Every structure is written in C-alpha cells, then in structure tokens.
Amino acid sequence: MNREDIEKVLQEVAAGNVGVNDALDRLQAADVEDLGFARLDTDRERRTGIAEVIFAPGKTDEQLEAIVERCLDHHAKVLVTRLDADRAPALLNRFDQLRYHAVGRILEARPEREPWCPAVAVVSAGTSDIPVAEEAALTAELMVENVERAHDVGVAGLHRLLSQERRLARADVIIAVAGMEGALPSVVAGLVSVPVIAVPTSIGYGTAFGGVAALLGMLNSCASGLTVVNIDNGFGAGYMAAQICRLVERRSQQS
Amino acid sequence: MNREDIEKVLQEVAAGNVGVNDALDRLQAADVEDLGFARLDTDRERRTGIAEVIFAPGKTDEQLEAIVERCLDHHAKVLVTRLDADRAPALLNRFDQLRYHAVGRILEARPEREPWCPAVAVVSAGTSDIPVAEEAALTAELMVENVERAHDVGVAGLHRLLSQERRLARADVIIAVAGMEGALPSVVAGLVSVPVIAVPTSIGYGTAFGGVAALLGMLNSCASGLTVVNIDNGFGAGYMAAQICRLVERRSQQS
Amino acid sequence: MNREDIEKVLQEVAAGNVGVNDALDRLQAADVEDLGFARLDTDRERRTGIAEVIFAPGKTDEQLEAIVERCLDHHAKVLVTRLDADRAPALLNRFDQLRYHAVGRILEARPEREPWCPAVAVVSAGTSDIPVAEEAALTAELMVENVERAHDVGVAGLHRLLSQERRLARADVIIAVAGMEGALPSVVAGLVSVPVIAVPTSIGYGTAFGGVAALLGMLNSCASGLTVVNIDNGFGAGYMAAQICRLVERRSQQS
Amino acid sequence: MNREDIEKVLQEVAAGNVGVNDALDRLQAADVEDLGFARLDTDRERRTGIAEVIFAPGKTDEQLEAIVERCLDHHAKVLVTRLDADRAPALLNRFDQLRYHAVGRILEARPEREPWCPAVAVVSAGTSDIPVAEEAALTAELMVENVERAHDVGVAGLHRLLSQERRLARADVIIAVAGMEGALPSVVAGLVSVPVIAVPTSIGYGTAFGGVAALLGMLNSCASGLTVVNIDNGFGAGYMAAQICRLVERRSQQS
Amino acid sequence: MNREDIEKVLQEVAAGNVGVNDALDRLQAADVEDLGFARLDTDRERRTGIAEVIFAPGKTDEQLEAIVERCLDHHAKVLVTRLDADRAPALLNRFDQLRYHAVGRILEARPEREPWCPAVAVVSAGTSDIPVAEEAALTAELMVENVERAHDVGVAGLHRLLSQERRLARADVIIAVAGMEGALPSVVAGLVSVPVIAVPTSIGYGTAFGGVAALLGMLNSCASGLTVVNIDNGFGAGYMAAQICRLVERRSQQS
Amino acid sequence: MNREDIEKVLQEVAAGNVGVNDALDRLQAADVEDLGFARLDTDRERRTGIAEVIFAPGKTDEQLEAIVERCLDHHAKVLVTRLDADRAPALLNRFDQLRYHAVGRILEARPEREPWCPAVAVVSAGTSDIPVAEEAALTAELMVENVERAHDVGVAGLHRLLSQERRLARADVIIAVAGMEGALPSVVAGLVSVPVIAVPTSIGYGTAFGGVAALLGMLNSCASGLTVVNIDNGFGAGYMAAQICRLVERRSQQS
Amino acid sequence: MNREDIEKVLQEVAAGNVGVNDALDRLQAADVEDLGFARLDTDRERRTGIAEVIFAPGKTDEQLEAIVERCLDHHAKVLVTRLDADRAPALLNRFDQLRYHAVGRILEARPEREPWCPAVAVVSAGTSDIPVAEEAALTAELMVENVERAHDVGVAGLHRLLSQERRLARADVIIAVAGMEGALPSVVAGLVSVPVIAVPTSIGYGTAFGGVAALLGMLNSCASGLTVVNIDNGFGAGYMAAQICRLVERRSQQS
Amino acid sequence: MNREDIEKVLQEVAAGNVGVNDALDRLQAADVEDLGFARLDTDRERRTGIAEVIFAPGKTDEQLEAIVERCLDHHAKVLVTRLDADRAPALLNRFDQLRYHAVGRILEARPEREPWCPAVAVVSAGTSDIPVAEEAALTAELMVENVERAHDVGVAGLHRLLSQERRLARADVIIAVAGMEGALPSVVAGLVSVPVIAVPTSIGYGTAFGGVAALLGMLNSCASGLTVVNIDNGFGAGYMAAQICRLVERRSQQS
C-alpha cells in the first residue's frame, strides 16, 4: 500500500465515511491473495513494474495451474520459468493465452507488444550455452521489443566475437552467457560502453564445478561495467536487462 | 581503432598519400602507451566512456606515480582505488588536481561536474559496511551528479529501511551494500522497480567466510532485478551504476 | 540409570536382599534392547522426554518393522522420519496405530492428545519449502497441541510477511523455513521477541549449493534470537520447538 | 509502530484533533534515531524484549561512543560485544554505568537485577574455549539471574562430563561450547531433556578450518533437541538462551 | 626383487653361470605380470604380507574375471571390494573357491584359517553404517581369526556404548565406523588404550556433505590414539587393523 | 586474417583494383562460418595448427551433424570428443571418413598419416583410468605418428613403473594419467628429463571429490617439469603433447 | 571407575562398613581434579596407558603452570605440545624435571626409560617438514625406546627413498610426513608390510591450501595399510605409533 | 643408477675385479648426499637435465647455506626460489658466483650461457603479476638463451594483447601469467600454435580466493594447447618451458 492509498483512507476517516476499526483493517490488509500453499503478490506489477514470476520446480501441477489462473485474473502477462516440456501441455490446453518455448523452458502469456526501441543483445560463448541464453532472451522479450542473439562467439576464436562488435555497439544492454572459464563477459565489457550482465552456465566438467569456475571468472573480471547473476539464471539476467530498458524508456518519456 | 579510423587510412592509401607499409603499421599500432611495467589503454575513455581505473595494491609508488602522470596527460579524470592512506600524500603533493577520500580509500581527479539529474542511491546494512559503500558512492559521483546515501538500514530492524522507501523510489539505480547474511539487497529489490546492484562485504566472522555468505545470499535472491559484484567491490558497483545513468542520459538526449 | 535407581539397588544390598554380584550386574545393565542391527534406547523417553525417533533411510524394511514393533511395545508414541511413500503401506498394514503424512514423509503413532496451549508457528518462504515445513510442523504436533502454518511469505514481497505479524506475535516459538538466500528467519527474528528456529532448505539451483547458501545466511544473521539446524532438517526444528514448549509447560506447572 | 499506536492516531484523526497530513507523517515516522553513520532502533527493546546490541569491530571509537551515549539515553541496559581490551578504557572513563569483562570481550551496563529463577548452564569442552563460553554466559546473565559454568568437560574423558550430569539436569537451557570435533553438544543433548544450544569455536588447527569442523559436527548431530549458532558466536547463544528463559518467565506469570 | 635375490644373481654371474646380459635382464625384470589393461603385482604378498586387492568399480566383467583368475594362480587368498551384487554370480559360477558377502559388497577366497588370537572389534554408530562396518570386518577376517561386531552404539545414547566397554577392552584394535557428526571414534578412543581406526561414512544429509562432516570430526578428535581412513573406506580400515594384528603375531612369535 | 592477407588487400587498394568500401568489408570479414547455433572457426587450422575440435555434450544430433559436415568441407581432419556410443552410428552412417573409438569416446577422421618420429608416451595408474588415457592417446595420434601406452603402473607397486623406465626415457613427451591420490605424474617427472603432462581423473570415492584430490596432488607436485590439465581432460593433454611434437618437428626441419 | 572398584564399594556396603549415601557419592565421584578452568583426567594413564597431554595454544601461562604442576603430582611423565619457544623458560625454571625441544615445540618430563625394542621409523619428504616429523618422533620417544629418523626422502628423487628401504623394513611402525602433494606415505606403504601412519603438513603454497592437498592425497592413497591424522598433527601420529608398540609389547609379554 | 652403470658393475664382477659384496653395495648406493636435514640428489642434473632447485621457505639460513655449498661443489648452476630479500646478503657474501633478483625473489648461479635460439615469451595480465612473471622468466633464462617479456596485456583492453601478436608468434613456448579471472592464457592460446603454459597468480580480492578463480579459469579454458601450474608457481612454468626448449634443441641436433 503506497502513500497515496494511505492518504485516501485517512481522508475517508477524517470525512467520517470510514470508522476507525475499518480503517485499521484496510491499512493492515496487504495486497496479497492467499491460496493456502502460495500467497500471490498481486500488487507487484504496480510496485516493481513486472507481475509475479513463477519458478516451476518443486510445485505440483495443481499448484501451478491454480497460480497461473489467478495471475491471469490479475495480469495480461504471465511468466513461468524452468518448466519441463512434459508439464507444459496440461497448462497450454487449459489457458489459450499461453505459449511454451522448449529451448528456454519458459511458458508465458503476453499482450500485443507495443513497439519499443531500446535493444538487448544476448551473446553466448558456445552452442551448449544456448538454453540459458534463450531463457534470458525470452524473459527480456516479454517486456521490451528488441532482443538480438549472437551465439557461439567464445574467446577461443576471438575474431568470431570481434566480427559482432558493431552489432554489440548498438545495444543498450548486453547479456553475456558463458560456461567453462567464463571469459566472454570480461572481453565483451572491455569492448563496449553499455552495461553488461554476465550469466555463468553449468556447462563444463571436472573443475568447472557446475558453473562455479565461470561464476568466479565473472566476479573477478578485470573489466568494469559488469555485474553477475546466479549460475544458469538466464531469467534473472533477462529481467535485469528489461529493468534497465524500462528505466531508459520512463526517463526518455519524462525528458 | 574503430571503423572510421580504418576508413581514413584506406582513403589515404587509395589517394596515394600513404604507402602500403606505413598503412600496415598504422592499422596494427594499438592505442596503447607502453610504460614497460604497464600498458596504458589511452583509447578506453572513447571506447567504454570512462578512462582507465588504477587498482593500487601490488603496484610500487613509482609505478603509481608514473601511471597517474600519463593518465593526467590524456584525461581530466583519474580514479585510483584501494589506495592506503599512507601512500596518498606523495601523490597529492606531486599532482595538484588530485583529492583523496580516506574512508573509501579512493584518490581521484575530476573536472567541474556538469549538472546531471539521474540519481544513484547507495544503501548499506551496517556502520561497518560504510567504507565499501563510500567506494561505490565516490566512484559513481565521479561520473554522475547525484548520489544519495542511506547507511545502517539492515533487515534486523525493518522499519529503518521502510522509512527510506520514498527516497529509494526516486533513484534511477540503487546500490545495496551488506555483509553477514547479505539480505538487504533482496528486500530492497522487492520494494522498488529500478535496477539494484548488490555488493557483498567481508564484514562478519566465522561462517561469513570473508563475504562468501553475503555473496551467496545475493546470488540466490528470491527477488528479481538484482545483479551482483565481487566481495567488497564498491568500485565495480559504482561504475555499473554510472554506466546505467550514462546510458539513460544518452538515450534521453537522443529522444 | 539415574541416581534414584542406583540408590534403590544400594539399599537392597545394604538390606541383604541382593547379593554383590547381582547388584553389580544390575548397575551395569544399560536400558538398551539389542536387536542385533540396532540397540533400542528404551530409557530415552524418561531421560530426554521423547522416545527414540527412527530415521528411515539406509534401513531395510525388515529392520524398520522390527524397530517399530519394539518401540510400540515400550511407548505410545512412535516417529519415523524421511520414509518414502512406497515404504509406508507395509508398516501401516501391520500396525493399526500408525498414520502416514505424505508431504512431510512422516509415519507416526500418538495417543489422544491432551489439550496444551503454548503454540508453535511454522512459516515458510516459498511453496517449494512446504515439505520441510510440514516435517517440522508434524514433528512438533506429535508433542504439543497447537501448531500454526503460514506458507509462501518470503522476503521478495515483504507485505506478505508483515500481514502475518500478529499471528507470529502470539506464538511461543517460531520455526522459519527458507531455501535460496534464506533471509526469512533474519527478518522474522527482527520482528518478534520469541525464539526463532531457522531451517535452511535445499531449494534453489547453482550457487544455492543444495542449501548451503541459505544455511550461511541464517548462521550469519544480523538479527539475534535465532538458532539453526541442518539443511532440510524439519524434524530437528520441530523437535527443538517442542522441547521449548515442554519446558514452558513444566515450569508453568511448577509455578 | 504497533497496532495500538496506529489505533490512537486514527482516533485522533477521527476526533479531528490531528490533520490528515500530520497523521500521515506520524504513521510513516519510524522508531529510528539517525546518527548519520548509524540508525538506532530505539523501539527494539519493546519489540524484541532486548535493546540494540552493538558489535564493535569495524566501528571507530567515535562511532562507538556516540552509539553508546544514545543507547544510555534510551535504555538502562547496554551490551557491546567483541570489544578489544585496549578500546575499553576510553568508554569506561566516559560512562560510569559501564563494566568491562576482558575474557569475554564484553562491555555492558545493567540495572540492579531482579531475582529470577530459570537457570542457564554453560558447558565448554576445553580451557581454550572459555572466552567464547564467557561471551555466552555474560550475555545471558545480562538478562536472567542464574547462569552456571562447567568448563573443560570434553568427550575425550567422558567421566568429566558425567560427573556434571546432575547440575545439567537442573538447568532450563544448556549452552554447549566446543571447538575441534565439536562432539560435546551431541553427547550433552543425549543426556538431558532441555533445549541445548551448540556453539562451535575456532579452536583447533589444520582441518579444524577455523571452526568449520565443529560446526558441521553440531549441525549433523545424531542427537535431537540441539540447534546451532555461528562459529565463536557466544553472544548469539547467550541471547537465545535468555529469550527462552524470558519466554518461560512470561508464560509462568500468565499461568 | 629383494637383497637376497640380487645376491643370488650376482653369485651366478661371479660363478660364470650367467652372462652379463642375462643378469641385466633378470635384475630389471619386475615381479609383474602384464595383462595389457592391468599389471599384477605378484610379489606383493611377500612384500606387504597381503596379496593384491581388487577394487571392482570401473573394471569390466572381462577384466575382473581375468584378474581374479591370475590372482588365484598365484595366491590362495583373493579379495574383490565394492562388487555390486549383480556382478557376483558370473564370477561365483566360474571359480569354486569364491564367496560373496552382499552387505559388505565383498567377494573373496581364503584358505582354511589357522587359529589366531588377537581380536579386532568393529563398532558402528547406526544401523545405516553397517555396510561399511561389514566391509571392514570381512576384510579383517580374511587375515585374522577373531573379529567382533557391535552395531548401533552411537553417542546420542551413551549408555549403549558404555554397556560394550568390557568387550572393547579385550580387543587389540578397534575400528569405529560413524556417519553424520562422526563423534563415536572420539568417545571410544577416550575409553580404551588400544589403537582406534576411525571410518567416516557417507550417511547423513545436507551439511553431512557425503561424509565430510564425519571425516572432519574424526581428524579433529580431541582424543588421542586415533587415525582415520577415507570416507566409506571400510576396506582400508580392515586392512590396517589386520596389519597391526599380523605385526603383533610376528613379534610374539619372535619373543 | 594475418599480416600477409592484410598486406594483399592494401596492395590491391593501392593498385586501384579494390575500392575502399570493399576493402573495408574484406578486412572486417572474419574467417567464420555462421550456422546460427555455431560459428565455425575455419581459419583455426592455419592459425593454431589443428582444426576445430567438437565437444559433443550439450549439442543436439542435428547440430553435431551440421558441424561435422562443414568441418569435412574445410578440413581432412575432424575430432569429436566425449561422444557417447549410442550417438555414433548416425554420424558413421552419414560420413564414410569417420571412425569411432568406444573406450576413449572419440569420433574422428584423418588423412593417411605421414611417418613422424617424435613419440608420446601415455602412462596410467590404474585400469579404471584407461578411458581418459585413451582419449589422450587417440587425440595425440590424430596429429603425430607414434604414441605408446603403459597402463596400470600406479605407485602402490613401484617396480611396475620402474620396469617401464627405459620406454619412458625414449619418449619426447609423457602424459601421466591418474585418479585417487594422483601421485604417478610426480614420480614419473622425477625419473625423466622430458615434459610431463599430468591428467587427474575422477576415479576414486569419498574425499577423492571427483578428481579434486588427484588434481591438487599434481598441482602441488614436488617434482618439476610437470603441468596439469582439467580433471578427465584426456583430450587437452593429448592436444598439448601434439603441440609440443609439432613444434619439435617444425624446428627440426628448420635446422 | 572400573568394575573392580565398583565391586569393592559394593562389598563394603554389604559388609556394613560403608553407608548407602557414602557409597553413592563414591560411585559418582569421577577421577577428575577440578582446577576451575580445567578438569584433570587423573585416571587417564591407567585407562588409556598414557597421561593427559597438554595442548598449549589458547591457554594462559598461569593456566599452563597450574596444569603442569598437578600433572607432575600425579605422573612421572608430562607432555606439552605446540609450546612456542618464548613460553618455555618460565616453565623450565619452575620445574626441574622438564626438557624443551625447540624444533618440535615440545616440553616434556619422563622417567628413566626402560629398554624397549619395537622401533618406530619417522620419514619426512622435505627439510621443511622436519618440525612436524620431530613432534611425532619426540612424542613416540616419550613412550618407546627406539625411534629412527630419515628426513628429505620425497618422491621427486625416488632413489633417496629406495636407499632407505632396508631401514624401513626393520621398523614396527612407520610415520611418513609430507606436505605439498603428500605422495610419500603412498609410496612407502607400497614397499613395506607394517602399519604406516601418514601425516600431512601445511608446507606448500597456492593450492596446497595449508595441507589440504597433502591430506587428500593420503586419504585417497592407492596403497593399503595406511591411516591418516590431522594436518601438522605430529603428536597424534607419534601417539598412535606408541600405542601400537605398547600393544605389541603387552601381547609379547603375554605369549 | 642407469642401465649403463649397472652394466659396468656386472662386467667388473664377471671379470673378477669386483667381489659380490662390493658390487651389491655399489648397486644399492644411491646418488644421494646426506646432510642430515637434507638429501642432495646429486644425480638429478644427469637424470632430468637440471640440477636440484632449492625452495627457500621453511629452511633455516644455516640449512640453506649448507645446501648451496654442496650444490656448488657438484654443479655450475644453482637456483634458489622464494628467497626473501633480507635473507639474500648472507649467501651473496659467502659465495661469489651468486646473483639475486629481488622482483622474482630468485638467487642463482650460472656459467657463461651458450647461445641458444628457441625463445620463451612471458606475458602477464597486469602490473601486479610481474613478480610471478619474473620468477618464470628468470627460471627459464637460467637454461635457455632467449626470454622475452610483455607485461600488462590483460583482456580488459584486447588491443594491448593484439598489438603483441607478432612477437608471440615467434616464440617456441609462451608462459601466460594472470590473476583475477585468469582469462589471458585462454585468449593467447586461441591466437597461437605453440604450447602455452598458464600461471594463475594470487592477485585479486574477495572471490579471487588467493588465485583459485584464476586457476579454475585456466583449467576450464575453452581453448586448447594450454596446461596449468600451481598458483604463483612461476618457477614451475619457467622450468617446463625450458624443458620443452631443451627437448627441441636435443631433437634438432639429432636431425
């Protein structure tokens, strides 16, 4: 409940339209819908700009269905991440608005997108990193118009990356996805002047330690202008990129 | 060397003004000044928007002095991070333009700042986190006008943070600094709709493991719109925040 | 064998009713029943207030059945934890007293519960944390009357938790269950004045490291009045909460 | 601000004594005193039962003095932990109410203690564990009357512990402190029926890993009724023990 | 090749019975039989007192069969460890001398055992630790007459262990097997004056980290007279215990 | 694009045969073929001496087939590593030139090998290490003539290794493969004067930690002349050995 | 208190010489002398064969002096380990019986040693490992006659070790001390048929991780007949070796 | 002792010039000089091509002096690594042949160097990495003529490295030294066709974990033709590079 809402309640009380006890209840009633096993944060879209995102693992099919239904009641946009392909059909059959993206394991509904110019560029080091890169790209696309991909541009053959330098220079935000030694984001951040979001992936073996080597490489980057998300967290990177683009949009409209 | 520079060389060759061998040397000469022990990347300000930043530990006083001198030859802005207080006077005596900030361990020179409206808010969990928070704030201030601080608003007394909610809502980017369990950025990111940059600090003892506990807390945040930098890397967070503000500025001016 | 028991033996010896050798055997005979593969600690209910708890993994069906049978010979209460659903029917068929709870993976028998007022509140951060939260709640319920649950109140949407503040304030002990960054117990402990038992869960991915991130977050909490149990150890938290309630009960009856 | 406080404000508004804007400010003004570098949570004693505790490392002498001064303005009790001996005299000279305990590195002020019967027993495994044990004991003593110590009762000579069994049985809560393999709390918890709080210490070498071995031993205890705090966190254990005793006291007075 | 063997060759050369080249080949020919994929150390029984032990994982059925065959050509004793139950029948059918022990996953052949008095006692903390304890016991039994077991005597109920004190006191060597916090060997070593070999098992969950918690507990034991083997390495403990018993036997026969 | 290629373009421009824009495109066109999901580095064979190597895990069958096809268009040699046996037939059916090696999980095509004398010796500690050793040996064989193997020569029976001393002394490079404690490369490097490449394998259990114990043993070797690759990275070791042999060959031909 | 002691008390009670209450006190009085900060286990020499060993770090000079005094009251032997050289003189001045060994940091008193034949051999890999090796050797010497040393025989130059083979073969127990990769004990255990106790040291840098690399190497040894103690725990190894020798001695005297 | 030496002894025996016992002693006498605290491997230069290298930490000044003296008796070359500057003068005063290099902390003696063409190139990422790079360069220079350095060419400004591409292409072996994320060796290995030896340094902070981040980055490099040494082990890399150059030299002379 924000300042304006509180102000309204107080004015109603001052005007005698609302009793003290009722006002008290209203001030303490949170913008939360309780499903028993989950508490939907229906105010989140207004507060953070994006409605609740549903992380599928650990939820039963019934729980997922109920949560999606209530989200669609409140919002035009829904985003379910890490949904395995065999769990998608039940939800797709039930709700017409939904679409499933198998590579990125994402289920989503979105209204007609309004044209929007700031661009997100998603680059990935190897073919095996594509699923995480797609999770990032799809998440960003749900909120901003323009997402470009450049896959398999890892640092073992630098000219592959250098040949993309002009495309990268046009982007507002770059998401750089890499497993193994995770050097791609460092090299990218040294080439451009826009924010770079680094995503370590669990690709590799032995001392890759399921993405820890890549994560450490990114956190210790000698390049600046780079921040990092959890291993395989394409969603988090796409969300952050969209947050930045939305900020640019809001401020541009204000200026 | 960018596309335009290459184009010029080629036109000179086509016009017969420049011979093939000379052109060849020019195309391969990098924008680098070699001091023997260091290679100054004099092109970096044009390329990434900010001149080279000098990380003091492991460099001798003589090396630092030489690097700072050459930077001041090329740029009006200089930023030296992690400089211990006893090493500052020698440099301050030698170069009039420099200022030293003891809490953030930063030495910097900057031209008159042009007014610039997007704001960075730096919040920190405890009094002990202030040095890292100041490193972040000073770094951001070097590049953008408006940096606000709110210290000691950790989650053990939530109302301290909630009382800052309006100030946070006005910022374009928030840097959240915390040691120990590192929960502050998660809670902040749940309250706002702008990008949050999380900085774990090495404050704590025992299983804080020098900041690892806070880092893991931030990487695994259940809130979205949050990215992370290395432990105690206030500089990196300030730099990223400035990158985002500069992006907003550029795009606003284009619109 | 406690002081009173030893005293009785000595009095019998002094009275000449018991010979030295017999007394010696009695004093050394432990309150242990040897099944070969297990040694039942039949004295534990008297000593620690609660009968032996059986951890199912690594035990064969035959071993489990034999242990449960002997426990039921000695006690009205039995608690088997981490029992997979496909192993329950055999035991349920054999012993009428038993009930199985699938979500918490607990098999138990208990006598009619006597009314008992101190309350345990179990709060969990996300829907995926419910199985561990239920393990805690069921364990506590076996020993105290009044256990309340509030699920999905994680810190990414603070008002969900704040809307439960009054319910939490009524409890004697709070069990706070969370995976990922594990910040919920810290925030809860900052809001209340009763003991909080924190349970990290293995929910999360990448650097969640199977619950280590949550565990470290809880151990390094900036809030006081919080202790921690092993990852996913709902049982241990429920047991501790019950110990505290039983202590309150005993002392209240003495006063 | 609790429900009663909000109720009062609303009644004032309803009565016309307070305007909407003033009421708005009051509802949002937090119980926080801002010292610039610290935000004192002056409401904490009411909310959690104990006033703010000051963790000394990382704070300057001036910051400490200012915080202590304001705390003494609001409370009769003050607790500063981890204060090195050479920093104590300045504060002792300035404030008459303070006392310093060198072994536990604690500075505190407290009013005349009212008689209070529930007992905390603090047991430690070795002589080297005494400083942490004292930190726990002194913290608990600040809030409850009766704290007993039994040092050097580690499991390598079991009869040392068994000889204390009767004293342990009388306590309401037991704090068990151990470094190295940290087995003491497990053995204690198997002997008694009251809550045991385990404190791992950083005593040991090599694979003791600064207390990690002891911590893991305690988290994986085969005994029940045991929870754990951070390595060397005697304060946290003492605080939790006092929370339990205060709960017992409150409930006893209600019955 | 030992000193005596070299001496013989030299005497043959001195006597002119063997030419220099032949002698050279003999001196360099190792006591090794090359199967291509494995090099049997046929001299090991003479050198270390026990023939080669075969670790089954990672070897194909054909490789195992060939190795066992050659071992039986050279020795009356064969020991195959970690052999899964479904791989045993093929070998049992082929070689009459073999016996398979399912709980300890051991396949072995041994000649009629000669009576031998020093005893090994194997104690384990919980029922789930029995497979590792059996691996240890069976390995020791292959080489010494007298191996006793006492299972489920963990420290959560101390009197279970204390009731075995007399049996333990009779043993020459004690193998103590425990998972979880691994405190059993520490307590045992404090009670007896003979060598104790500690075996951590991978039993446990969460921060048990697959036996690391137990291993660290044992390495940091506050008791003396205790050494440790790898996690789940029942074989290594049994072998060491047998080495000690064989040493005792040899020295006794010399005296 | 190397210096000679750039020189040619510039000469064409100087001669007026090529316009500035065309030259610009040529200079920026990288030696990369874009398949959408992969970017083939077709220049690599010229640049690093060996064509692109394809790491199979994480690539779909269709992706693999397309990449192999394009590689065969450009090169006579192809190397696919970590290809599971069930994925090989489809590729073998489609391309006649390919051969599959099941033990080393390698699929390759190579032209008639020209005789080449420098030798690589591959030694492995145990039978279970053979798959990794074969990956190394096959990779080296693809590029140099002469690769010898000596398996099962681990340090527990030193004479097995010592009996191979002469063969080792003849090699140009030695690859030493070992799991468990990984001591073999240290011992080998102390015996010879040629480069030793150490490969830790994931063979072992418990504290072998999937090859970490062996890796640490090799990195901390007290012997000199030893470098290390990732756990189970037979390919990397074979490739490095071949690099060294090719260097020897090139320099020999120059002298 | 052992069976015989209990029997005596019971007989006194049966004879009417001792009252029930007195008997009760005696049965519960442990063999412990309480110094306040320490509880001397005066019964330990009878129970485990060796008197209490005093670990110096973390104890004050006054505490050490008091403990040593009481030990000398009860025993002819005293062993203080890890005593820094500057703390020794005070104790040496006070008690004539004591001797200090600077390299091994050990302070001890012992009666005239009785001749005793079983031998302990202590081998160390490098000169830097000597302090730990000496701690082991001195500890063993306190209890058995015959301890031999062979330093600097690491595996990088195998013939250094092989030249000691005959000396090793004569020993009853071998203690093998090594830092860095810790391969020495594995190689030694492959050469001999007596128990080998492996001691990892903290010698090394980088990934030696303060002895963890050596520890893991030893725990994962491919050789059998090897057990391990904590990093730098020369005392523990020496104690275990002495335990084995004392066992041999006792059994030899019985036969 | 090599085959030829053994052959000579046997011929002497066959000729009757040497008796069996003398031959036996000779065959078993190792090429080792025993200083008590160290065993000089005087045969190492013949066996591995380079005389013993002395690691200074953990050795006393007296031990160092004695070892250096004996080395100079046997060899013209001596190499002492990790020698702190304050320990050098004593040795320099005593032995005229020695030179000390402060940056690389190396003390060495070497004869007039014979001209030798294969080159080693040492590249380092940052100014702070120079000490380790110098340790590598000086070690290599002791054995081969031609070592080139290029410092401060890290990947954050790629053109710095690309401007060195021609120099790198001329080298026979490249040593790439980097701390922080350690990406330099990966990028270098993608540019050249000669062996690359990667050296992680402990430069960095927070999650650099003293060089572990750089080490993992190098072990998981997506580029081939790269092997790794221990953190800060400049010596090991220089030694390996020299081994490769010496191999090239030997083979070139044979061809």
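Worth a mention:
For clarity, chains are labelled A, B, C, D, E, F, G and H in written order, and residue numbers in each chain start from 1.
Note that contacts are C-beta pairs under 8 Å (C-beta built on N, C-alpha and C of every residue); 3 or more make two chains touch, one makes a residue touch a chain.
Treat the numbers as computed from the prediction; the structure is a model and nothing was measured.
Looking at chain A and chain H, the chains that touch each of them are B, F.
Ranking all chains by how far their C-alpha centres lie from the centre of chain B, first place goes to E.
Rotation angle, chain E onto chain F, C-alpha superposition: 90 degrees, expressed as a multiple of 5. With centres taken as mean Cα positions, chain F sits 39 Å from chain A. One inter-chain figure worth recording: chain E and chain G are separated by 25 Å, centre to centre, where each centre is the mean of the chain's CA atoms.
One simple way to say how far apart two chains are is to compare their mean CA positions; for chain D and chain E this gives 50 Å. Multi-chain contact residues of chain H (touching two or more other chains) are listed as 3, 28, 126, 156-157, 189-191, 206-208, 212, 215, 219-220, 224, 230-231.
Chain pairs that touch one another, listed by label: A-B, A-C, A-D, A-F, A-H, B-C, B-D, B-F, B-H, C-D, C-E, C-G, D-E, D-G, E-F, E-G, E-H, F-G, F-H, G-H. Residues 126-130, 151-153, 156-157, 159-160, 162-163, 203, 205-208 of chain E are the ones touching chain C in the complex. The part of chain C that touches chain G in the complex is made up of residues 3, 6-7, 10-11, 13-14, 16, 19-20, 23-24, 27-28. Here chain A touches chain H in the complex through residues 125-126, 154-158, 180-183, 186-187, 189-191, 204, 206-209, 212-214, 216-224, going by the rule given at the top.
Residues 3, 47-50, 53, 118, 166, 172-173, 189-195, 197, 215, 219-220, 224-231, 235-237, 239-240, 243-244, 246-248, 251-255 of chain B touch chain A in their complex. Contact residues on chain G toward chain D in their complex (touch as defined above): 1, 28-32, 36-39, 41, 43-44, 55, 57-59, 63, 200, 202, 210-212, 215, 230-233.
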